[in-house]
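Look at the two complexes coming up: chain A is in both, with chain B in one and chain C in the other.
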Partner chain A sequence: MSWFSWSDMWVLAPVAIVALGGAVALLIEALLPRAAGRTSLTFAGVGTLLLGGFATVLAWAEPGVQVHGSLVTGPFAVFLGLVVLGGTALSVLYAEGYDRAMGFDVGEYHGLKLLAAAGMLFLVAANDLVTLFIAFELMSLPVYALVAADRRRREASEGAMKYFVLGAFASAVLLYGFALLYGATGTIYLHAMPAAAGAPLLKLAALALVLVGAAFKVGAVPFHAWIPDAYQGAPASVTGFMAVAVKAAAFAVLVRLLLASGLLGKAGMDHMVVTNVLWVLALVTLIVGNVLALAQTNLKRLLAYSGIAHTGYALLGVVAAMARPEAGLAALLYYLAAYTAMTLGAFAVLVLLATRGRELGEIEELAGLGRERPLVALGMTVCLVSLLGVPPTAGFIGKLWLFQAALEAGFTGLVVVAALATIVSIYYYLYPVVVMYTGTARQPVETFAAARLVLALAAGATLLGGMFPGGLYDYALRGVQLLLGAA
Partner chain B sequence: MHDLPILTMLLLLLLAGAGAVMLCPRPRGDLVRGTALTTSLLAFLCSLPLFWLYDGTRAEPFRFVEHVPWIERFGIAYSLGLDGVSLLLVLLTTLLGPVGVLASWNAIDRRTKEFYASFLLLEASVLGVFMARDLVLFYVFWEVMLVPMFLIIAVWGGEKRVYAGVKFFIYTMAGSLLMLVALVYVYLRTGAQTFQIAELQALLAALPPERALSHTEEVLLFLGFAIAFAIKVPVFPFHTWLPDAHTEAPTAGSVMLAAVLLKMGAYGLLRIAIPFFPGGAEALAPLAMVLAVVGIIYGALMALAQEDWKRLIAYSSVSHLGFVVLGIFARTETALSGAVFQMLAHGLATGLLFLLVGSIYERTHSRRIDDYGGIARVVPGFAAVFMITVLASAGLPGLNGFVGEFLVLAGTFLRHPLAAACGALGVILAAAYLLTLYQRTMFGPLVHERHRALADLAPREWSYYVPLLGLTAIMGIWPQPFLDVMGASLHAIPQLVK
Partner chain C sequence: MLISLPSVLLLSAVLFAIGTWGVLARHNLIVVLMAVELQLNAVNVALAGFSRHFAGGGAAGGLEGGGPTLLLASGGQVLVLVSMAVAACEVAVGLAILIALFRWRQSVMSPDMAELRG
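Here is the complex of A and B:
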């Protein structure tokens, strides 16, 4: 087996393109400081991500285990790859103008986002523990720095510090879990992991550590404590990125390890234990996320807690997948795509209202937006209503399929709790809508064109996904079937 | 003519109207109103021929059927059609569309574009609920309706509008989320690749014994649907959102809420909850009938105690809708026809009552009953319209309220004489609170000197009062055509329970 082959390079091309783009962006900042923050850099970033997306579609379409067993390609990886790249591209795009207005137009900013995106892309296709961990860190480290991008603000430094310390801890736990997993199974390749390992307790301990690490990154309760501070401290353009792309990639880790590996036998004790743990995580996350969101008056913090609540819904898909892998995972994938669109739309509004170096803080400051900027208010309404799960939006279809998968898997009680938790969320998603359409704006509203474009794209995708959801779901389902077949 | 996708055209017309309204330049309020009025009038004219085209003697339940697959993997389809009951409700909705636009003509003076766009969107989604033959599509329209209605209450409403709007939204959506769980459960349980309401009903009835729903399952699923519908109707004790929402909403919003939206709940009970789970309905019918009677009497007593004109009418809705629920759960053919007829009659009468409050509120900006008195002499036209409406609502023979209540009570009496007897109390109480209201506001000495200058009804107002009153009288004197249209569609329900 030679260490180099062109076909391996071809499979690695998507990641390489994005990573190279990130590295070049960082170099430009160092070598040509005057170019930093310029519009061209934004478009170069978006272009790189689009190119990466193209390469992903072309190079990963063929299902199979590639690069000496390190990557698994196929529609599953393509789907999630496009979700994270799309999320990143939109969050690079909407930062245009925003970072200058906020006074921190540093070139590293785009470079770091691209590097994190390369890590995520790696992550959704990784097939061995080492690649998985490296990808996980490549995703995490740039994001720690990004949270502190606006370093003059104390909350930014505080949020970054909290996120970094806890995140490093979670990474260590994850790594420890990987090590034990290797000890228990004797292999690092996910598809080769035997269901019946020699030491069941060792495997259980490994699974517990892995679950903690992944639960931290997806922001499941009780591992969510970092989220509100990190989300609020980070600039809005970064928060949106964290809320969608990082979360989608982190779910990929969970899915790959638990469901798309040979690790958990269908009937084994560990399967039951993990199912129950996930069940509890989903239940607690749904309740805590939704209830705590009720009390928020700051829009960014509200979206942070809403993100926790949506982790709970997505976990519903993971739980369902423990019993019904195909239906559960397909619903999860669709939901992650829908969540990416609607959440980025909401963050785009936060970004585009940040003028004069000050971000939108309290929800009350949205007052009069419906009159001043009817289209922006309409887009925001679409996104919020979709987060709530009202048809005809993608958020509704996503919930419908998650509920369907979980009911099919027999988790009726959990679905009822999820429905009840959604009732709680009605109030906090409606309140901003009320504020937008009543009251008067205290000052004329200026907005950034790029962020408006992102809002339009996100709201449009949310509506289209709700009205014509069939094709996307079928693609996700095919990806899941192929992935499960390969495992 | 039968091949035209007339129902879709109706929906698209209203959506296009909403879009056109949004495109009007903001200062041109008259253009906005004109566009909205034209759209809603066109929609009414398009829907009117359906009444004559509908052939009640044909065997298949639905006419004007359209069917396009939507999400094929799960058998979800964009599937529309009308039977006798939904046809009448569609006509009621399209009739009240132009009425609502005209009633808002002067009352809505800010954010006009957004108001009329929301209003047309509301009308379209309510029509969708009555037209849908696919359970998911039904749910989609059911939920879509929430957003424009919520905005109409929360943006253009009275003082406590936000509170009332959010309460309305939370109550309705709380119910419908449980319905969502129940409907997915039904789909999985039948193992069918379809969400067609009629097919699911047939499948549920024909489940082989080893897979049949257990009694507990059936009761719980029935509750899952029925609570969503009961909140909407509203059935006591789920009614507490109604007085707030009705009172705070602008006139057109109150009219739509009372006349059409409440009927969605009763319609859901008739179309889905009871046919799907006849066993569950049978088990819970005594409870439902007790709640209906409590609602009739409680609503009437609350109405007697109100000092706010609009709130009084809101509570009268609780009472009148109790008759509808009573008739639905009595499940004799007479009672069912009465219930549906009462839905239409209540839609017209309460719609008129809210329109009248709106008219007078526009002039005086007060809803307190104490602020009125003696104005019959100042505004004789208004007083005359109000008189007829009050009598219709109180169930005077010869007007439509009587037919519905009589049929419900007669049909209920056959099986549940006690419930019918208690329900009849509500008729007496209705006369009491409505005539008291009339006497306190219209007769006696003039309370405020400034009311001497009140203007009587304007031509714009006459333009909708006259047709609505005419219809009230026609339905009261000659109810047979309406009963014929709905008859065949209700025929099957009493036979569901063996």
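Here is the complex of A and C:
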């Protein structure tokens, strides 16, 4: 077997396009004079991501294990790949006006976003532990730097440092888990692991470590401490990116490793232990995320805790998958897509209300937006209502399927808690809406076109996803079935 | 001399525990970065140990054939090399953030970094 083949290059093309785009963007920023034009760099970045998306659809559509076992392509990888690329493209798009409004002159961050996106794309298709680890770090390292990007703000470096220390710790724990998984199964290839006979105790220890590492990245309680600080410290144009793309990719790692463990849909002692741990994780995350969100007055921190709460809902799908893999994972994938759209919409509002070097801080500052900018307020309302889970939005359908999957899998108690948590969240999601439509603005609201476009796209996707969810869900389901068949 | 797999794994676990303690308990952020490095290197010890175990005792065992076969037999060792490179990148980013932080606070001690409240 030869090392090099054009068909391998074709499969690697989506990742290569995005990574090259990121490297070129960094070089342009370093070599060309600053006046070279932020706008053109933004459009080049979005163009690269669109090209990467097309390449993903074309090169990864065929299911199968590719590139000497390093990547597994198919609907699962395409689905999550498009989610992370779409999330990145929208967050690159709205960064442009934000930079001007904030007087923020650090263009490197487009390049870093693209590099992180390349890592995520690699991550959702990775099929061996080496590729998985490289991809995981390629995703993580640029994001640490992105959080610290705005060096004029005191809280930026503090948030970045906390994120970095906990993130590096999580990476080390995850890698230890990889080492034990390799030791237990004797192979680095994920698709070969379920069949490999192995020491059950070693496998369980490996899963525990992997679970802790992944729980950090997705922001599950009690591994969530970095989230509010890192979100608050990061520029708003980066926070949205972290909230959606990094989370979706981290869930991909969790799902792939659970699939590799061969425990999904089985029974026995190991299965019970892992299920119970996930169950507790989901329960605590749901409760803590929703309750702490109630106390927030800062919009960015509110969205941070909302993100933790949504990790809890998504974990519901993972728990359900332990008993009923197909329904649980398909619901999880759909939910990640819906979460990406609605959360980016909310962050777009945060971004477009940044004016004169200052970001929007308190929720009260939204007052009067409904009168001043009715369309922006409408878009924000759609996104918040979807985060809450009201029909006919994608957030509602996503929650419905997650709850349904968990009920069918027999986790009635967890679903009851999730439903109660949703009732709690009515307060903190509707409070900003009430503020927007009452009171008067203290100053005229300036917005910019790119972020309005992102808001329109995100809100539109949220509504469309809620009204016509079938196709998306079927595609996710097929991806999960193929992975389960291969595993 | 043959070193048995359990003793290699024990060494790895002890190193990892020391690293974990360092990350969680030490206040000096430079020491914390060192502790993370220790964790990663503890994992490298385990990976190398497993890899040798699967290769049949000798470092060169089962490596004929080249190409993907080589990767299959020595996947753990490849992961060790990769993890060393990644650790270097990680430290570069971490120290850069630490310098940015030091410019604001004139300190590298974590108790001085408590302006944001989780």
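The rule is simple: the second predicted complex is superposed on the first by the 471 of 487 C-alpha atoms of A that agree within 3 Å, B and C clash if a C-alpha of one lies under 4 Å from a C-alpha of the other, contacts with A are read in each partner's own complex, and residues count from 1 in each chain.
FYI, a contact is a pair of C-beta atoms (placed from the backbone, for glycine too) under 8 Å apart; a residue touches a chain by one contact, two chains touch by 3 or more.
These figures come from a predicted structure and were not determined experimentally.
When both complexes are overlaid on chain A, the residue A:L180 reaches chain C alone and has no touch with chain B. In the superposition on chain A, A:A19 makes contact with neither chain B nor chain C. When the shared chain is aligned, no partner comes close enough to touch A:A248: not chain B, not chain C. Look at A:L400: by the touch rule set out above, it reaches chain B but stays clear of chain C. When the two complexes are overlaid on their common chain A, residue A:V210 makes contact with neither chain B nor chain C.
Touch counts on chain A: comparing chain C and chain B, the chain ahead is C. After overlaying the two complexes on the shared chain, residue contacts for A:P391 are found with chain B alone; chain C is out of touch.
Once the two complexes are laid over each other on the shared chain, residue contacts for A:F164 go to chain C alone; chain B is not touched.
Contact with chain B, but none with chain C, is seen for A:V434 once the two complexes are overlaid on the shared chain. Look at A:G470: by the touch rule set out above, it reaches chain B but stays clear of chain C.
Judged by the document's definition of touching, no chain A residue lies at the interface with chain B and also at the interface with chain C. Contacts from chain A toward chain B in the complex involve residues 370-371, 374, 381, 385, 388, 390-392, 396, 399-400, 403-404, 407-408, 412, 415-416, 419-420, 422-423, 426-427, 430-431, 433-434, 437-438, 469-470, 473-474, 477.
The touching residues of chain A, counted against chain C in their complex, run 1-3, 68-69, 128-130, 133-134, 137, 141, 144-145, 148, 151, 154-162, 164-165, 168-169, 171-173, 175-176, 178-180, 182-183, 186-188, 225-226, 228-229, 232-233. Those residues of chain C that touch chain A in the shared complex are 9, 12, 16, 19-20, 23, 29, 32-33, 36, 39-40, 42-43, 46-47, 50, 53-54, 67-68, 71-72, 75-76, 78-79, 82-83, 86, 89-90, 93-94, 96-98, 100-101, 103-104, 113, 115-118. By the touch rule above, chain B contacts chain A in their complex via residues 22, 70-74, 111, 114, 136, 139-140, 143-144, 146-147, 150-151, 154-155, 162, 165-166, 169-170, 173-174, 177-178, 180-181, 184-185, 187-188.
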